[in-house]
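Following this line, the structures themselves.
Across the two complexes that follow, chain A remains constant while its partner is chain B and subsequently chain C.
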Partner chain A sequence: MTARRRLPRELALYALAGLMLSVWAFPVLWALLTSFKSERDVLAYPPVWWFTPTLAHYREVLTGPSSIVPNLLSSLIVTVATTALTLLFAVPAAYALARLRYPGRRASGFYVLATQMLPPVGLIIPYYLALQRIGALDSYFGLVLIYLTFSLPFAIWLLVTYFEDVPLEMEEAALLDRAGRWGALWHVVLPQVRGGIAVTTVFVFLNAWNEFLFAVVLGGNRVRPVTVAMFNFISVEQTQWAKLAAGAMVAMAPVILIGLLAQRHIVKGLTVGAVKGGGRR
Partner chain B sequence: MRRAPTIEQRERRFALLLLGPALALLLLTTTAPLVYLLWTSLQRLDMSMPWLQGFAGLGNFAKMGDDPRFWNSLLLTAIYTGCTVLLQVLVGLGLALLVLQIPRGQGLLRVAAILPIVLAPVVVGLFWRTLVLAPDFGLVDLVTRALGLGSHNWLGDPQLALISVIAIHTWQWTPFAFLVLLATLATLPPDVYEAARIDRAGAWQRFRHLTLPLIRPAVVMVIILRTMTALSAFAAIFAATGGGPGSATEILNLYAYRTSFTELNLGYGAALATALLALTLAVSWLLFRRRQAAA
Partner chain C sequence: MNAASGAVSLRGVVKRHGATTVLHGVDLDIAAGEFFVLLGPSGSGKTTTLRVLAGLESVSAGQVLMDGVDVTQAEPGERDVAMVFQSYALYPHMTVAQNVGFPLRMVGTPAARVEAAVADAARKVGIDHLLARRPGQLSGGQQQRVALARAIVRQPRLFLLDEPLSNLDAKLRLDTRLELKKLQRALGVTTVYVTHDQEEAMTLADRVAVFMDGRIVQVAAPRALFGRPATASVAGFIGTPPMNLLPAVWRGATVVVDGAGSAAVAAAAPAERPVTLGLRPGDLRLLADEASADRALTARVELVEELGDSRIVDLTVGGHSVKLRSDTAGELHEGATVRLGFEPAAAHLFDRERGGRLN
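Here is the complex of A and B:
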């Protein structure tokens, strides 16, 4: 191929790449821009690009009467509790599934995979009825319990793929050293899967932070995650465009930050999940 | 005299100790609720008519047969799932193939692709409802008005609303297919292509006979995962249209939700959720069988 023929082709490719970039990034950047506009500028036609930026909406969503800070706190508690419990149960389970020989190993692996098939709406009805009966609607307990239904199977399967990659010889050497099962797991295997645990933490955190259906049904005035609080800014009569944009920016700041920082891990996690199976979202 | 446990016995005990708690927790959090769901689907349990409670047998399922709203939601689920999965895979694969040829700037594209994935679907639905698709002020209307195509009620018109929610889902999740397929393509050995190029194989033939067979497992897995997500899609549609106008975007998942928590008919809602579960199992069984055939 000659250079003259290559140039227009490359230009076309870059133009396409630019288009993709804008299609995926633009709505988010537009929301960011909107969050700094006054309500009057938001509704201007044609849209204004140069305007006096205002922090009023951020002040309002953080300190105003419809502050989302309590909601951020709700989200944080539910998400951190879910992530911690998930890892506590998933790491040992994944190790057993990946490495140990015991009867029913295939069946137990299949069971973990099958629990992911339950549609969320099918889970929420029995949870609602059961939690209502024991008076645990609008509680952290109920929400964390139901969040485990999507995070635990997913985490176990993602971690299994990482445990399988640890060379067997290392573990055998540790066992010969009379380190014992626990010693080998703690001192030899776990440090090898640190990366996998980090990826799993990121995914579980993102999914729990972003969850909406369970939160809207099982939450209430006390436990009201930030995804549900987004509807504070929308009513039948009017939408508070700029305030919604500011609120969404604050609510999504943690996940956007994690997404940008853990970018490589996320792509790896998606690929591992996609090649080996598992994962609902 | 008691014999010391063999290595196998000790390994079994260790496995039980590690796996047992997780399995018990899953039993409690997923399988017990499933049994309760099936039990509820056999009840007449309508919070708006509490005096009519009781065992209904298969009554709720029989009711589905002549419930046009159920059949409509089933059709919408098929359209929604089919269109979004097809679009994600086609667009994602096409983009991945093109981006692979760009020498620089792939990193930036990857960052942009991560953005929709990490956002909460409910926020995506709200963004699109207010900033992208709102009549007059939305980004799409700005473009169509500038092009002389006029303003449209993207979420208020029944047909446009269905297209809109499909577009929203496709926008958010195409990056997933794109990123996974880009990573898969990047792992393919380059010498295969070199040989083909020397053989003067055309671009389409190279793709058809070399690339596609190599990435087929990844493509099939993307289809499986994306189908599962589409079948249980909720928050973005809820935020954008709420299932409306009327029931124009009410996929089975939303119908089950609305029946249970807006109309408070939990018995019938449970039956609808059971139908969705059956559909999910049937579809995943078909897909996994295809995957085994392909592998």
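Here is the complex of A and C:
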């Protein structure tokens, strides 16, 4: 195909991609713009595109009386603890589900997935009562425990496919190479599921960071994640849109950072060509 | 490495997977330094036997002995064996040098010693220029060599090779086969090699164990395996093309093939009995018309396959297909009736029912 004939086609493709991207990015950009607007400009109708930007809302959500910094810290503790514990348990569990043969293997795989099918709202009251009984309402322990109930099955389910893609023979080779079962897992299997672990980390982190429903019901004055704090900008009298937007922008930052960090490790095709004729047996 | 080490024995090894029995009591003695081939069609139990030796497969009954020591319950890593997998099973996230050095690093060998050993092993298999690459950047033949280097780097007492050449193209397979044999001779390490390719088995082995349906049917040196196959099924598996097998009646010192006449054999039957007559394609000759009729079988020429230095003639003898290898350049017409002879000593006679050898 000549360059002249290719050009219109490429332009059309870029236009289509741009259109789709703008639909996806619109709310984010809107929130970004709103966070720099004065309260008057926020409520202007029709919306104003040209305005004098202000950092007042950022100042307020970071250092003002309604600062969300303590809530960010709360979120960080809950999210990091949830992510770390999830991986700690999900990696061995997924490995076991992918490798070991035991009665009920298929059934347990389905059970793991089935826990994801329950609507979270249906669980709020039992969770509330359970945490109340053990005195874990409004505590990091309680919230992390509840987050684990949905992040763990999800992480296991996601990781199993990555473990299954590592050929069994590679592990057997490691056993014969005197690595032992743990050595085989550590030196041979885990490096190959790195991408999967990175993907899982991002998803679990994201879900825990952005979780609202459980946080607002099971949290309280001591444990109040940033999502709940932002919700408090919406009140009966008024909604502080600009502050809400500024808070959202600040809350987004760690997630974006994690995404960028993990992206480096999500290298596809690392195992391609290692074993002739593919791995699955 | 101790030159006298590496003797391996299996005593009555049985392997069951649920209700199916994969190995029905395998007994085997492999001498130190021997190149021993496990040959058989797929599903015959040869790879399971290799995996039992490696410790990757537990046994349902029986014993595995290495240098007289019972290692039946020993972990794979405790047996001092190295294995080359059919898929090579290289570690994709490591460089070639890291792959080859892995078995040494796992037992805490100092880095300098690892490096020297890796360089030495790499040189032996001719991959010293590839040490910095990753497996994904190598050709199939190069990957195969890396797997080989990883096996020889720690000088184990036993090499296990599971169809290591099956993923190479035909030309490379022949070259590698030769190098493998030389390497084994040079290292003197006991080698157990699994293949379904009888030609590979014949060219490489000091001795071959032929597997059929989870049992060893014959253990012999290649020449003996070819010359005196123990059963009709072994006979039909060995040789290119394999031995012709015809139903016949053994009567006195002759065999009678229904619809094709009779021919002399070297041994006389104790009593008349139905047999399977085995004839190697290379032992058959086309006879001139004037040869005596009682020493020849009548055959019909179906097809002539020209190989250049020789030809394979497809014939029908009494309704059964028979192949003949001939290096004479005479004119042969498809559809012609010819007469077929063989030396009386060249006939192999097997029990028609059980397949066991009779002469």
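The rule is short, and it goes like this: the second predicted complex is superposed on the first by the 234 of 281 C-alpha atoms of A that agree within 3 Å, B and C clash if a C-alpha of one lies under 4 Å from a C-alpha of the other, contacts with A are read in each partner's own complex, and residues count from 1 in each chain.
Just so we're on the same page, a contact is a pair of C-beta atoms (placed from the backbone, for glycine too) under 8 Å apart; a residue touches a chain by one contact, two chains touch by 3 or more.
Everything numeric here is computed off the predicted structure, so don't read it as measured data.
When the two complexes are overlaid on their common chain A, residue A:P92 makes contact with chain B while staying clear of chain C. With both structures placed on the common chain, the touch criterion links A:S67 to neither chain B nor chain C. Contacts of A:S38 after superposition on the shared chain: neither chain B nor chain C is touched. Counting the residues of chain A touched by each of chain B and chain C gives the higher count for B. Judged by the touch definition given at the top, the superposed model places A:M170 against chain C, while chain B stays out of reach.
By the touch criterion defined above, A:S139 lies against neither chain B nor chain C after alignment on the C-alpha atoms of chain A. In the superposed model, A:G183 makes contact with chain C only, not with chain B.
Residues common to the contacts of chain A with chain B and with chain C across the two structures: 270-271, 273-275, 277, 279. Of all residues in chain B, only 8, 10-12, 14-19, 21-23, 25-26, 29-34, 36-37, 40, 95, 98-99, 101-102, 105, 108-123, 126-128, 130-132, 136-137, 139, 142, 171, 175-176, 179-180, 183-184, 217-218, 221-222, 224-225, 228-229, 231-232, 234-235, 238-239, 253, 256-257, 260-261, 266, 269-270, 273-274, 276-277, 280-281, 284 touch chain A in the complex they form.
The part of chain C that touches chain A in the complex is made up of residues 54-56, 75-77, 81-83, 85, 87-93, 102-103, 106-107, 135-138, 140, 143, 150, 167. Those residues of chain A whose C-beta lies close enough to touch chain C in the complex are 167, 169-170, 172-180, 183, 187-188, 191-192, 194, 270-277, 279. Against chain B, the residues of chain A that register as touching in their complex are 10, 13-14, 16-17, 20-21, 23-28, 30-31, 34, 42-43, 45-47, 89-90, 92-93, 95-97, 100-103, 105, 108, 111-112, 115-130, 145-146, 148-149, 152-153, 156, 181, 206, 209-213, 217, 227, 230, 234, 239, 241, 244-245, 248, 251-252, 255-256, 258-260, 263, 266-268, 270-271, 273-275, 277, 279-281.
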